[in-house]
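After this come two complexes, each holding chain A, first together with chain B and then together with chain C.
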Partner chain A sequence: MVIYGVYIVSKSGGLIFNHDHNIPKVETEKVFSFPIDLTLEYDPKKVSVAFGQKDGINVGHILTSINGVAVNGNTTEEGNDVKELIENEGNYPLTLKFSRPKMTTNEKIFLASMFYPLFAIASQLSPEPKSSGIEVLEADTFKLHCFQTLTGVKFMTVAETTQTGMDVFLRKIYELYSDYVLKNPFYSLEMPIRCELFDANLQGLLEQIEKTGITNI
Partner chain B sequence: MARQSSRLESKKVNSELLTLTYGALVSQMLRDFENLEEVNKQLERIGYNMGVRLIEDFLSRTNSGRCLDMRETADKIQQAFKMYLNVQPTISNWAAATDEFSLIFDVNPLTEFVELPADVSNLRYSGILCGCIRGALEMVQLEVQCQFVQDQLKGDASTEIRVKFIRRLQDATPAGVLIITSFVDVHLLISRSVLLCLTLLANTYAAIIAQI
Partner chain C sequence: MTIYNLYIFDKYGTLLYYGEWNRIKQSGITKEEEAKLMYGMLFSIKSFVNKISPNDPKEGFLYYKTNKYALHYYETPSGIKFVINTDTVSTSVKEFLQQYYSKIWVEYVVKNPLWNGTAVTSDLFKQKSDEFIKQSIMF
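Right, the complex of A and B next:
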């Protein structure tokens, strides 16, 4: 029973709020000998696995540390170039740690605005007139719940598939939004939500659900 | 949740504080603008800005669905007045086409202690209410015209707000929305923004005093 994240999309389709709650960390550390049996892609921003999957290291995972030294972009924290380190036989054996890349804010904004047209298309799929858009989207590892208000604001949560009572939770977030965001005279409509009170109350709500279950909110 | 308890406490806020605050706001605006029409316009605009925010509060509290005709809308507006101002206007004077109705107030909490001086007889003192109705309905894709036709302040027997349906804002209707609704308010917002202003003022004075 885990809620992974909460997102709010404005009327015009922009992401105005996101909160990562409980992102599972996928990290694998392994000792490699020369030559390394993974094909790596060296990008100025990140070093990622391009081909070859093994022992939990998947394509797309990024290199986060070498011999316990953190990697930023394509250099280590000590200032050495990652490519040189890995391609030099003398440095081996090397302990490399790979992890699942975290979504950046830009990617989240991009995905949220992609959801908007999907929602609109979904509402036209049924021959039944005036259908609603996507309310639940189910995948093997998560379930996305979406609640659209009459004014067109969308509240979304991504949660484990077994998590129940998300409709109640979404309504609760709507209440928090109308209280702590809209009643804040310094918040301008349609703009990203930066209200500490809202953050704090949402956090409180999430903690309460974890402690006492969704039925008690 | 914390919110419910704060909701209960807000009921205890003295309504006179609201009345006084609103009075101070209007009279200050009269002094600042020196032009009645401008004050009327600004009051309506303040109301509008409150309406577009308050509608979400109303919807999240009442769970209402979309109104399919003006009668439902009128009911929701009435409910909202009850909820936010604790007054229950009567709905009457329906136009034959049921696209226009009146909200009649026996008491208007905003004007409890107000006597309008003769030189500002064109002031729409409670214009903020009309703005609120218009703003809130616009967010649920209903364009309406809203104005005072009678006002106890001006010697009429009752206070009457006329609401007229103009059109559905089809373009603004979000995809996959089943239903439209209505409405509005005042007092929480006013009292909160006034408190903020007061805090800001206090801070400014403190800063000035510190400099002296």
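Right, the complex of A and C next:
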């Protein structure tokens, strides 16, 4: 049972808080011989797999190191161009490490504001009157739980599909939010949450769940 | 337990079939508009799920629930999308949709030589589809 992350979205749909907890690292290292049987896409910011996924290296994964040397953008840490290294037969065999890209802060903000219309449309398309928005969303790799307060703030958690008791956990986060964010005289509504006490207490809560289970909070 | 309605989309987002049974509230827009809104929402949910997922997803989005209903989603490798709205307590809807695909869709639409890939108008399919939904324990 794993909780992957916590998000708080304000009334107007902006991301005001996020906490990554236990994001698994998906990394695959493999020795390649010439010519490389993956189609790579060279972008100034990243080198990613465009076609030919196999052995755990999937489309969308980015190149993180060559022969143990880290890759930043499209150059290695030693200053060599990645494309030249990979296309030159003399450099082979090469050990390439690929990993699933981590979400950037920008992407998180983008995703959080994307959830807002989904939430609204779900209640508009309801076959029953007076439906709420999305409360639980399940995919094969995770389950997203959302709790909307009366004032329109949304608390979301991304957890493993088998994780139970998330509604209790969400209400507990709401409690922490009211205690340590709303009562903070320096906090203004709708703005990103930067409160040490809130961070510390949330961290404590997550640790407590990991140790003693969700029933004891 | 209840089944409210069923949408079937092709891989381009065209509505191929729509059926409804115990739907209480209409969305207040035309059926075409509603289908577009539904497909648009599913498209966004799919990309949302792919991005927010901590691991590489295989099937991706399965269902969502609100306090009144649950929307279940099943996509075949050929890109046909089955969307069914049920109440929140229904279980194993995914298996039901797979059954629906193999027993009704393949039998009465894919094997129909007159079907040209557009909206399904076959009366036999409508009748069989209706029967299949009504005899299920979820209905």
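What we mean here is this: the second predicted complex is superposed on the first by the 216 of 217 C-alpha atoms of A that agree within 3 Å, B and C clash if a C-alpha of one lies under 4 Å from a C-alpha of the other, contacts with A are read in each partner's own complex, and residues count from 1 in each chain.
Everything that follows uses one rule, which is that a contact is a pair of C-beta atoms (placed from the backbone, for glycine too) under 8 Å apart; a residue touches a chain by one contact, two chains touch by 3 or more.
Bear in mind that the values here come from a model prediction, so they are computed numbers and not experimental data.
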item: Clash or fit, chain B versus chain C on superposed chain A; value: fit
item: Chain B versus chain C as contact partner of A:Ser131, first or second or both or neither; value: both
item: Contacts of A:Phe198 with chain B and chain C, given as first, second, both or neither; value: neither
item: Chain B versus chain C as contact partner of A:Phe98, first or second or both or neither; value: neither
item: Which of chain B and chain C A:Phe169 touches, first, second, both or neither; value: neither
item: Three-chain overlay, vertex chain A: chain B-chain C angle, C-alpha, nearest 10 degrees; value: 100
item: Which superposed partner A:Met114 touches (first chain B, second chain C, both, neither); value: second
item: Which of chain B and chain C A:Phe17 touches, first, second, both or neither; value: neither
item: First, second, both or neither for A:Phe155, with chain B first and chain C second; value: neither
item: Which of chain B and chain C A:Lys183 touches, first, second, both or neither; value: first
item: Partner chain(s) touched by A:Ser123 [first = chain B, second = chain C, both, neither]; value: both
item: Where chain B and chain C come nearest after superposition, their Cα distance in Å; value: 9
item: Chain B and chain C contact sites that coincide on chain A, given as residue numbers; value: 122-124, 130-134
item: Residues of chain B that touch chain A when the two form their complex; value: 1-3, 52-57, 59-61, 63-66, 139-140, 172-181, 188-189, 192-193, 196
item: Residues of chain A that touch chain B when the two form their complex; value: 11, 119-120, 122-124, 130-134, 148-153, 171-172, 174-179, 182-183, 185, 189, 201, 204-205, 217
item: Residues on chain A engaged by chain C in the complex (per definition of touch); value: 4-5, 23-24, 26, 58, 100, 103, 107, 111, 114-115, 117-118, 121-142, 144, 158
item: Interface residues, chain C side, partner chain A - complex; value: 4-5, 20, 22-25, 27, 34, 37-38, 40-41, 44-45, 48-49, 51-69, 71, 85
